[in-house]
Structures are given as structure tokens and as C-alpha cells.
Amino acid sequence: MSDMNQQMSAKYKNNFLKEIEEQAEMGEWVKMCMQCGVCSGSCPTNFHPGWEHPPQELFMMIRAGKRDEVLDSQSMWMCVSCYNCYVRCPRKVPITHIMHGIAEYAYRIGRAPKNQPTLHLSQTFWNNATKTGRVNEVQLTQSLYFKDGIMDGIKKAMAMQDVALGLVKAGRLNVMEAIGGGHKCKDIKGIHAMLAKAKELENQRKGRAA
Amino acid sequence: MAKKEYAFYPGCSSQKGASASNYLVSVDSMCKTLDIKMTEIPDWNCCGASISYAEAGELPRLAMNARNFALSEQHLPGQDIVATCAACWLGSRESKERLEHNNTLMDDTNKALKEAGLNLKVIPEVRHMVEVLIEDLGYAELASHVKKPLEGMKIAGYVGCQTNRPFGIQGESFENPMYLDKLIESVGAQATKFDQKVTCCGGALAFSEPDKAQAQIKDIIEAAYDSGAEMLVTPCPLCQANTEVYQGQINKKYGTKFQLPVLYYSQLMVLAYGGSAKDAGLNGQVIRARRLEEFAGK
Amino acid sequence: MTSVVATNQTILVVGGGIAGMTAALEAAETGKQVVLVEKNPYLGGRTVQLYRYFPKMCHPSCGLEINLRRLKANPRIQVLTMAEVTGITGDKGNYSVTVKLAPRYVNESCTACGECNKAATSEVADAFNYNLGKVKAAYLPANMAYPQRYVIDGSVVGTAEGEAIKAACKYGAVDLDMKEEVVTLNAGAIVWATGWQPYDAAKITPYRYGEFKNVITNVEFERLADPHGPTGGKIVRPSDGKEAKNVAFIQCAGSRDENHLRHCSRFCCMASLKQTRYVQEAYGDEGKSTVYYIDIRAIDRFEDFYQEVKANPNVSFVKSKVARISEDTNGDPRLWGVNTEGYVRYSEPHDLVVLAVGMEPSVKNVAIPAEVMGDSSGFVMADPSNAGIFGAGCATNALDVNRAVQSATAAALRAIQVVNQVARAEA
Amino acid sequence: MADKHAAYICTGCELGTRLDAAALVKTATKDGKIALVREHAFLCSADGVAMIKNDIDNEAVTHVAICACSRRAKTEAFNFPTVAMSRGNLREGVIWIRPDTDEARETTQEMAEDYVRMACAEVKAMKVPEGNQNTGTSKTLLVVGGGMSGMTAAVEASKAGYKVVLVEKTGALGGMAAKLWKRIPNREPFKAPMDNGVADLVAQIDADANIKVYLNAVVAKTAGAPGRFKADIAVESGAVSTEDVGAIIQASGFTPYDVNKLSHLGGGQANVVDQLGLEALAKAANGGPIKRADGKEVKSVVFVQCAGQRDTSGEHLSYCSGHCCATSVKQAMYFKDANPDVDTVVLYTDLRMPGNNEDFYRAAQNKGVIFSKGVVSGVSTSGDGCKVQFKDLILNEDTSADADLVVLATGMVPTTGPDLDALSEANRVAEGSDEKAAVAKEQVIQMMSTSVLNLDYRQGPDMPQFKHGFNDSHFICFPYETRRTAIYAAGPTRRPMDIAQATEDATGAAMKAIQAMENAGLGKAAHPRAGDLSFPTARLEGCTQCKRCTVECPFGAIDEDEKRFPLFNESRCRRCGTCMGACPVRVISFENYSVNTVGAQIKAVDIPDEFSEKPRVLILACENDAYPALDMAGMNRNEYDPFMRVIPVRCLGSVNTIWITDALNSGFDGVMLMGCKHGDQYQCHFVKGSELGRYRMSKVYDTLKGMNLETERLMDLEVAITDVDTLPKKINEYAAKIQEMGMSPFKGL
């Protein structure tokens, strides 16, 4: 476990709700849930085939102080950002964002599950997008397939080759991008400086040591 | 002078050679017909999409979107930003809303923007291409340009999530939005009664949780067939890609025989407006839209 | 021309539902002059569209009969039906009120013999039955309708059918030349008792009301259960007439929801509990009800009723706000959601779904033509700045019938306080 | 002035074509022995009404029989308050329930002729009620209880111009509300607790010359009747003053359920309080941090909802007290408002926050109050505080929470005085001389000591209780109905409620009380026969002092005088006629409703001989529900048997057995009684009328046996007003049964 985890745990003592309220994006809404369950029933992935803890249950667990169970959970990583829960919530709780927020926080303090595929996707995507300011789809795909090593990557790539081939044939996957071609912003430097500053400010605001 | 002018935010997937490049091709042709002038925001950057939440955190994502706003206001002052991609539109709109309602975030964002030599005061309106079509032009206007109605074609309008929730198109319900059906009908085709029109395609989780996503995609394609549709049409690049490219995988896994072309609304419009297969970007289909190709050839 | 006798000691009661009738009767039985204005062609409001009351399972028409007898026996109340207040000027103790009267096309000579109904050939929507059925263009809205006088729908005016209807009346009661008129009357105090409207279920889009025929509202279900309703009291589903033996009740359909009605409508839990009895009554042990709820709000001694229903093995309770409804190919609405007690996913088909829609104050849509304080839900709030205008019944809060009557009784006193003051000042 | 009778036969609405009007005129003249009989083609028209008015004004007609439509129809037209009037129901009761066929013509005509005879006979037996002269005219309202409800009732009545006597048991006004630090908000914004409002109301009362306040006082005795009550008010010092009052509001409030009975929830433990206990702590804190009795500042608190309420075991309260969810929300805010870091947890099973209280709930969540759906199994002492064991129903696990303080949301127990049934039973036992009697005597003394009103009524010292000891009305449509005329309950003595509801309730009760005083002074009846000027009188010379009338009166209107004769208190009377139905020697009657007005109608029916194959069945139908149902059956053209003869009665309770035996003796083949539901879910508007009527009828079966008649010749049917379609079917089934049984052997005797 990371230092950050211990640091935060110590900071908030037993008040996990407060920790989420201050640390997770839109976490201050968790207390507003009235346990109607419309979010849990609205989640498409909750029926294919289901989460360990749907949103409303996660909220109750947060209020019950179940820090480990929540932070270690795979559940919030199942969010597909479809916003069904968000628009149906009778308390207008921004559930989609809270799911993202809890996941992000768990990751930030080193509690995200090992090899969480959606986390890996998120990392890969953001790093890919911010490297040049724009997404390089081929490199993105590559890094996704090869996240578990070369052999696994080849296996996956083989399995997906019809998908990729189809796109290539249709002119929608530019292999040149794999070797550094593709689109990029002009002011890459400015973007990087901007992001560094943003990150710094966010850490400051949330009382997280950089 | 063009009738309408907008600041265009094409987004990463619409770039040349990218997964939605055919979308951009058709949008270009469509706008030409409709006399809509779209000027690309100079040096625009990625919106971050929903999926970047874990790595990016809140403020960096806001900063990315704010940069686009600042550039747009700087170079194309007073123009609405128009996005063709659902994720770009949503990411930008969400950022706009949050920045406008939270001064702390706005201040911090401007501090970050300063590092890129920019400053944000006014955030332009952020709109989806479909909004422009419906609200600024209207169905009647759209229909008036039809030269070759897509008569007899049965099409399922697949709205998906992010053009629909949480903002949606004004006047439409989250559960049964009709705008896509109306667009289909305004070009002379028939919109089928399709009960999975707002089911999620799995979004980015098509990569990370393929089994879950493909189970959902299967439901969508199945329902489209059940509705009698011969093709699916969508306003979202990710919906388009997910529902199109995984059909083969799903066939293998579930023993289905899916081969349903998936198109963008703009492609239909270009064809109905008399454009060629190339104008419509039909060469960009992974599952070829044979009927449309024939139609375009006539 | 309609003539109304009223002075600054008259109490005007707006709305002839149970709250308005109560306020009018209580004031009149205390010796006050009352003008009672009702929008519908008949008195009784929403309550008379109910089949039974909770928790007694008795019939609203029973109390209506008593109230109508009180009314018939009391010369101090003047009733204006098909009437709406369009303007209020003046102040406490001396209001001038304009009332718009829509033409009924039938005058007081009507004997309710029904010959006009026989002569009518066209049909119009049956508003009394929430448009679930049709009535002939000359109709008596309901058995208990008071005034006991037919109504002729404006659509036949100027047609051959209209003439035939007119000719059928031997008593000269049909007057197709009747025009909308506006009367102005004086009043010392005003009781605003315009009641409520069922929340528009179509706005709760995940439930697909209006698209799926077998998704109906609680107020419509009352009409289905009523032997004088559109199905003759048979609980069958609208899509195919199949017996609805497996009925789902969705609570808080619109209520307690920031996207719809912010308040809790109070009556809907009890109404659904009551309606499970209808299912039981119709189909015995074959009739199954499932109540999907957030909290069961069976307040005070209504708890007894809840416990009784809970003990019925044919009724089950699921703590869940239903997420959405889809439709199976056989027309069964399928409910999707999660039972939050222990996290159990469900995807359950039912024969019929009843949405327990909440109360929206009518004042929200039909504004009071005077400055009156409203709360965030649009209910009339008691406030000194309202001067001589007093809310009563469901115009003031989400209330059950019993509490609405209490509220109306209190409102009658508040109005009497004003006119008594006027009387003392003038004495 | 001499009686002059007139009958009017209407031939409109097809009466003229379906019936032989000339024959009806003849019937009225010959059989009805009516001097003035007129026929009119449209009797309810302005012309028809003018004709009748002219007869009244210029022909000195005093009694009018209208033979047209139902008494429920065209009431505006047939409105002649100065004369006695009967209505022969030829339309809804005859032509609309019979087919228009040649075969039916004869029996339909016979039916109509009988109704003409009945209307004539009835009106001749009627008098125009003159109104009771024995009325009191006090317009002073007595309010018992100086809490929020009582104070509100007093202030509202005073605002309407009435004098009030306000009696409070303790040394100060304010009641339970005064013990509250703050109250649940009753108006926007529903975001925070608000001032309890007591001081304001007390100041208003102090400044109001119309309101006379007795503190440290109780009502020692209440005698008299509406409009002329005499209330003895005993003050702690021993002084007793008698106040003349016209009506009474009982606002005696509640006590919290004894928390010591909830030992399983920690009741009795040092750090466990009930909601009122918490209010005391909050008052002491005066907006600062709330401290326990031992002085420790509370850093964590758990609220246990439904403590000893909604109990299915039978041990505690089975009902919900309605306010306690909102009260706990409010109290949790006390903590959060003083210090947001205090852990506040509310454990509930159903959070009941109706109306815009939902907003109050949201506000509490927003302030950080945590709500958990859970069932508490126990509260124990743990370290310096408490441990609350509960099952979390959402997370589906047994768990616990530690708290410095536990608040139990206990219920309201109404202060309503002794249960009259239990008291009367104790009184009965006490009359003996055994050991049990001695115990019962003690019981009686104890029970009487709890009386709130000490009514000097034969039927007991307080209002009859409804459910769970509350004084509520059983009627949905008529929440203020009580069984003691001009005495109304307000506030939590009626039903569990919060302050907002109590003030509304008290205002309504004041309305009813004022109305009752006004009408008592005019000799007019109270609900449901509001305005009725008739009242029961008794020919005491025929009275056998059987006491049935005094015992059976549902409203406690009849006492007994020194000579054990019934003493009628007319202004307590609701005019249901139960006394009349009860009287075995038939000495009780109303001017317009008597043994004779109905008896004469029964006698007026033409009974064909036993070979005619035309039986006759008498239907006595409750005018409130059964008669309207029959009427609507007619409106819907639901046919029924032509041998029925229907007479509406005020209530089944008013049915005297003589009517049944007379009918059967005179050759009726059957009698149907149609009354409202009785029992726990009674529908009778006179509460006990239909039950008493039915009980009485059960005795008639013995009489039938004595007459050698089949008991089936008397049929008792429970009818609801909605039985519009089913009632005709039941009538026809009964008619078939009578046919099967054969004609009565008593015909022509």
C-alpha cells in the first residue's frame, strides 16, 4: 500500500464519507443518496452480468465506513459512462461522475485493483492523447493489446485482427501512425505545461502531496 | 457568404485516417449542400473523453477543454462550437457547465491555461452537429434538399448514450428520443420501431471489458434486425465503431450471423442530397452498405 | 344570463371537489352566504373518480351523497359549474371576482330524462373516466353528477345532430345558443380549493407511459376497478383485454424526485396498498401484486392497513425504484431494477403496471389571478400577504381526502373570520 | 290552521305515456283521500312549481304529495319549506326499473298506484317541524387543553368573534410544544428547524379579552347540551367556577410512550433518551453543543425510529405516530447545526416525510445526517456510551454503531380519558357485592380520575374512543364527526400528528364548534342531518322506562330524569331515529318521521289476494346509501321485480319492529331491510344505527316463528351506495325465493 493511502487514512481517521466528499470528484453528493436503487437498476453493465456493488450500495458502504471494501472494489471501474443513472436519479446525484471520482481516487492513492483493465485503458488513453494533444488510435490500440506482455498482446491482436484489418481496409486505421506519423497539436509544449500546472493545482486543492 | 458559420471541433476520431474519418467526409459534403460553414478551431486538442477520468483527474481534463474554448473565442469569436463526435460534445459541454458554475475551478483552469499562453473569459455555446441541423435549420429545411429520397429503406436509428444523456437534444426524452427517426424520415427512408435505440454500446469498455460490451452490442444488433432494419444509423463515432467492428467477434462467440451495415446520419443525408458514394464516405464502411452503394450508383 | 347574489359578506369557494364542497358547506351551515365555483359540469372533483377510499375500502359516493344532500338542503349556497375564476381585484373584505361560465347547452329545465342522450349519435372522450372510454355527445358525466343535468358537447352545436338532440328534449332544456358568459361578483373572502392533477406520467420517460398500453396510472386504475368505469369493473389490460392478474405498482412515479415533483405526494403509498386489494378482490389468490417502493409511507393509523396488506401472501414488496420498463412481445411490461435490500437484480414481467403518480397542485397550471404565496412545489402557502384568500385541501399540500377535508374546514373558519369582521364593521 | 292536503301527479319524463295518469289521479283522490289532486305535464317546470306555490299561498294547502321523480331529483324545484311534503317516486322507482312492455304494463301501473297511495298516506301523517324551543344560546367555546392545538382553537375562534374559555391542567400554556427547542418547519424554506411558536401564541392569548384562561385547572363536570353546557372548572386551589358554554373542543394532547417499557432498546439507560428527553438537552444547550445528562458533550448520536411503534408483537404501539421521522430529522439538525462534526445516524425502516417534509429530509442529508435503513435489535451500554446493534437492510448484514447518546423515537399515547366500554363493564361488575366488585370499584375510581371532560351524560364521562385510544372520526369524508354533539377533538388526542397538522386540525375543530353553537341556538341538527328542525318527542305517559332509547342512542343525547324517564337533550340529538326504532311501546316520534308516517305507508299498499300470484315485498331502505343505489339503478334502467314497495328510512336504526310485524300481518309476503355495513368498518352515518337495527331485527325472527312464518320472509341486506347493478339482482333473487315459498297465509285477514 502506498504512502498516500496511509496518509489519507490517517487524515480522515474513521470518516470515510468525509474522505470521499473531499477527495473524490463530486463526492460531496454521496450523502444525498436515499437508497432508491434506480441507479443500480439503470446500469447496463449491471445486467451483463453484474457488479459486485452497484452505485447505491457503494454509497451505503461509504456511509458505513467500509473503506477497504470500497477502494479495493472493481465495481466503479465497470462504469461505461452511459449516464442512465445520472439522468434518472431522483436526487440529481451525478452518479456517473462519482463512480469516476471514486475510481480515480482509489487509483491515486494506490488502491486500485491490480491490472484493472479499465484503469489501464484510462492511463493509456490519457497518456496517448496528451502526448501530442490528440489521440493516436494505432498506438493506443497497440499499447492496449500489449499491456500484459508481448505474447498476450499477440494473442489478443490475433483474435482482433479481423477487427483491425477491417478498419485498415476501410481506411479508418492508419498504420503510419504506429511509427510516429499521425495527427498532433502544434503547441505540444504549451499543453504539457498547462497540464502540469493543472495537476499541481488539483493536488494542492485536495491536500495531496505531489 | 454561408448561411451559418460555426467553429468546428472535429475531434480525434474524425481526422484523416482515423476511425471516424468517413464521418468527417460525409459531414463535409452535407455542410456544403446545406450551406453551413464550419471553420476548424486552430490547433484544437483532445477532449479527454469520459474514459480518461482515472488518469487525468478533474482539472487537467477541464484544462484541455478550456484550451479549445479559449482558442475558439480567440480565433472565431462569437461562433458556437460544433462537435460531430458525441464524446467531444459531451466533454466540452460538461466542462463548460462546471466552469461556469464553479469559480474556484474557473480560476484554477485559467491559471493552467496561462501556461499555454491562453486566457478564458467567455465560454462559447457547445453544440452537436445534430443540434445545428434540427434547431438552426429544421427538418423541413433538411428535407427540402433531398433529391433522391431513400425510399423503401428500413433503418434503425441508434441514438446511444452521449448525444442523449445527460444533456440530450432539446425536447427529446432520454428513453425514446425521436430526432434520429425524424432525420431518417426526412431523407425518405423508414425508421423502424427499434427498442434498443438508447442502449449503451459499452463505450470505451469495449476495449477493457470486451465481454460485457459485446453482450450489449449483441442486444442492439439483434433488436435492429428484429425491427426489420437493414442498416443502423448513429450520430456517435464510438457507437458506430463498436456496433460495426465487433459484429464478427460476436458472430464467433454467439454463433450469430450479423452483417448489419452501420452508418452515420450524415452519410444518409449526403446520398439523399444526390452525393456520390465517395462523398458519403461509403468506402469507409467495414461492413459494406451494399444497398446504399447501389443507390448511390444509380 | 346567470345571476349571482353576492355581497362583501359572501364567501367565494373556488373548486367544487371534496375540499371546496366542505368549505362551502361548513360556512353555509354556519349561516354564511357562499358561492361555489366549479370547473367541471359536476361537483365532487377527483374523489368521485375513485372507486374506494383507503383504509376503510368504502365508497366516495357515500360521502358525496351526504354532502349533496347537505347542499340541496341549504339555500345559502349558489353553485356555478363549468365556471372558472378569471380575475380577482380588490382586497380582503371586498373582492370583485370575474367568473367565466362555459356553455353547458342545457338549462335548468333539464329533468335528466336522458332523451337527448338517445338522440345523440357522435361520441366524445369520456373525461370522467380519464378518457379511457367514450360517451355520447349529450351525456350525464356520472350517476352521481350534480347538478343532475345533462351536458352537450360543443362539437355538435350547429350540426344536424345538435338539432336532433334539441328536438328530442320535450322540456326546452337544450339551448344550443348558449354562449360563454362572464359574471362579476362580490366576495369578502375567497377559499381557493382547486385541488390537484395527477402528475403527467408521460414525463417519467423510463416508464414509457403513453407508449406501452399496459402501463397505466393509479387514477386510471381506479376507473378500471369501478363497476361503472370503462371496463365495467373488470381489471383487464388495455392492450388486449387480458385479465391482469399480475400487477406491479410503482411508487413515487414522479414524486420525491428532483426531476419531477420535489415533494412526497403522501397519498400514493396508501392508494397502491388499497389497489392491491382490488386485485385480490377481482382474482382471489390468483391475483398477485408487487409494490416497488422507496419507503412505505403508511402514516399514523394507516399503518394497520399496511400491516394487513403485508400479511397477504399475494402481495409482495420490493424496495426499489424501478429503473425502466421494457415491453415483451406478448405485451407484458417488464420491469428492470435492483431490490436494494440485499442487492437483488430483477427483470420481472407483469400483466399490468400501475404508476403511482403523484399530486401536482392545479394552481401550478391554472394560476390564481391574484398575488398569493406558493411554495417550491406550487402549493398555496398560508401567509398574511394572501389577505382574504385562503388555500384549502390539495391546493395547499399533498393531502389524503381526510386531511383535505380538515384543511377545508379550517379554511372555512378563516374565511368566516373575514366576513364576520366585515359584518361587525358594517353593523 | 286546518290541514289541507294536495297531491300532484306529473306526466312528464314518459310518466304520462307509461302510466295511466287518470287512474293515478283517481287513486290519490279515492284511496289517498286527498281533496286537491292535480295533474301536470311538466311539474318541475316554472309553471308546475308556480301552480303548487299558488295552491299553498291561495288555497291554504299545508300538505303536498309530489308524485313524480325521486326525492333526490329536482330538489331545487320542489322546495316548499312551509309545508309538509312527501315524494312518490314514480320515475326512478317505477317506470325506469320496469320494462316498457304490454305484459309489464299492469304490474307497473299497480306499483305506481301504490306509490301514490303511500305518498298520500305519508304526507297526511306528517307535520312541518317547528323547531325545538328548548335551546341554549351560549356562544362561548370551551377549550380543554392549553397546548398548541388548544391555544390555536382559542385564538382562531376569537378571531371569528367568539368568546373562549381555555382550561389548562398545568401552570402554564404551551403544552408539549413548549418543551420543544424548535419545531419542524411548516413553510418554505424546509431547510432548518424553526421557532416553536409558543411564546407568540401565548402573547396573543394574553392580549385577547375574548379568551379567559384557567391554569392549573381541570373540567370537573360538564352538564347540559350544545348551546347550554355548564362546565365546572376546578382550580388546584380548590375553587370551582361554572362557565356557560355552547360547544367544547377537547385538545387534551398526548403523553410520550413510556420509554422504560423499551428496555430492549436501552430504555431506562443513562445515555438513552426519548425525543422529548433530547428536546430538554437541546433547550439546555441553547444552540451550543448538546451535552448529556452527565455533562459530556455528545459527539455521536444514533436515532432509533419506530421505537415501540409499528409493533406487530402486540406488546407496544401498533400504529405510527407520523411526526417522529421529521422530529428525528429536526433533532439531528440540532447537532449538525451546532457542530457539523457530530456523527448523526438515523436508523429507520421507512422514512416517512410527507409533502415538503421531503425537502427537510434532503436538507438533513445535505447537512451530513446519515440515514440507514435498518432494524435495531438492541441497545447496550458500551464504554462511556452505547452500542446500537442493528441489521443493515441495505448492506444485508448485522452490524452495530457506537454512540454517546441514543434517541428513541417513541410514539404518542393520546390523553382521551377512560374507554367507555371498559368503564361500563367495570361499573357493571362493581354493582355486585363480591371481591370482584370491590376491585372493580377501585377500577372505576381510577378510570374516572383520568376523565378529561367529566360529562354528566348517562353514556359516560368522555367521548367514545375510536382506535388505539384516539378520538378520531371513523369517516373519511367527515373527519370531525364525534359521537358527542358539539364536542370536537383536536390535535394528537384525535390522531398522532405534528404541530403543523395540529394547528390546522384545531382551526377546523373551532369551525365545527362554532357551527354547532350557532345551530344549537336555532334548534337545528348537526351533521349529517344538518339544519334538520325535527326532533324526537316522547309520550311519557306510555313509557315503560325500559331504557332502550337511552342505552341505544349513538350520540348520548338521552339521559334519565329523577323518575327514570328518558330526558331528551334535543341539541345533542342527530335525528337518526334510533330511539324511535328502539322503543317497544312506540311513544317516540318526530314531527315529519314517525312510526305512523312509515306505518301509514305500509298500510296504504294494496295487497292482492293470495290467488293473484302478485306478492308484495316491503323494502325499508336506508336513505343515505341503499335508497340512492336504488335510484341510480333506475337511472341506469336496471330492472327489478314489480312487487317491491320501497320506503326510505333515516337509518336502519330507526326501524321499529312493529313495521315488520304489521307488514307481515297485513299480508306482505316478505320484508327486505337495506342498511349500511356495520362492525369495525361500519358505514352507518349514525355510527351504531345499522348495527342496532340489525340486532333488533334478529329478535323479529322469533316473532316470525311465533306467527308460523318462514324466517326467510325477513331479509336483511347490507347495501353500499355503489351496488347499483348488484342490488336489482339481489332483489330479483329474493323475489324468486318468495315465489318459491309461496304467498303469505296472512293475506286478507
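A, B, C and D are the chain letters, set down in written order, and residue numbers restart from 1 in every chain.
Simple rule for what comes next: a residue touches a chain if its C-beta (ideal position, glycine included) is under 8 Å from a C-beta of that chain, and two chains touch if they have at least 3 such contacts.
Since the model is a prediction, treat every value here as computed from it, not as a measurement.
Trainee: Give me the fewest steps it takes to get from chain C to chain D if each step has to go to a chain it touches.
Mentor: 1
Trainee: Please indicate the chain closest to the centre of the assembly, with centres calculated from CA atoms only.
Mentor: Checking distances from each chain centre to the full centroid gives C.
Trainee: When A-C is set beside A-B, which has more C-beta pairs in contact?
Mentor: Output for the comparison: A-B.
Trainee: With chain centres taken as the means of their Cα atoms, state the distance from chain A to chain C in Å.
Mentor: The computed centroid separation for chain A versus chain C comes out at 50 Å.
Trainee: Measure off the straight-line distance from the CA centroid of chain A to the CA centroid of chain B, and report it in whole Å.
Mentor: Here the centre of chain B sits 22 Å away from the centre of chain A.
Trainee: From the mean C-alpha coordinate of chain A to that of chain D, what's the distance rounded to whole Å?
Mentor: Centre separation, chain A to chain D: 64 Å.
Trainee: Just give me the whole-number Å value for how far the CA centre of chain B lies from that of chain D.
Mentor: Their C-alpha centroids are separated by 66 Å.
Trainee: Where in chain B do residues touch at least two different other chains?
Mentor: 174 - these are the residues of chain B that touch more than one other chain.
Trainee: Residues touching two or more other chains, restricted to chain C: which are they?
Mentor: If we look for residues of chain C contacting two or more partner chains, we find 206, 256, 319, 324, 340, 343.
Trainee: List, in ascending order, every residue of chain D touching at least 2 other chains.
Mentor: Residues 351, 373, 394 of chain D touch two or more partner chains.
Trainee: Among line, ring, star, complete and other, which best matches the way these chains touch?
Mentor: other
Trainee: According to the definition already given, which pairs of chains are in contact?
Mentor: After working through each pair, the chains in contact turn out to be A-B, A-C, A-D, B-C, C-D.
Trainee: Residues of chain C touching chain A in their complex?
Mentor: Those residues of chain C that touch chain A are 206, 252, 256-260, 294, 319-324, 336-340, 343, 345, 347.
Trainee: In the complex, go through chain D and note every residue touching chain A.
Mentor: Touching chain A: residues 351, 361-362, 365-366, 368, 370-373, 392, 394-395, 399 of chain D.
Trainee: Where on chain B does chain A make contact in their complex?
Mentor: Interface residues on chain B, with respect to chain A: 12-13, 15-22, 43-46, 48-60, 62-64, 67, 104, 108-109, 111-118, 161-162, 165-166, 174, 199-200, 202-205, 207-209, 212-213, 215-216, 245-246, 248-249, 283-287.
Trainee: Report the residues of chain C in contact with chain B in the complex, numbered from low to high.
Mentor: 205-206, 208, 211, 324, 326-327
Trainee: Once bound in the complex, which stretches of chain A touch chain B?
Mentor: 25, 44-45, 48-49, 78, 80-84, 86-88, 96, 100-101, 103-104, 107-108, 112, 117-123, 125-127, 129-130, 133-135, 137, 144, 159-160, 162-163, 166-167, 169-174, 176-177, 182-183, 185-187, 190-191, 193-199, 201-202, 205
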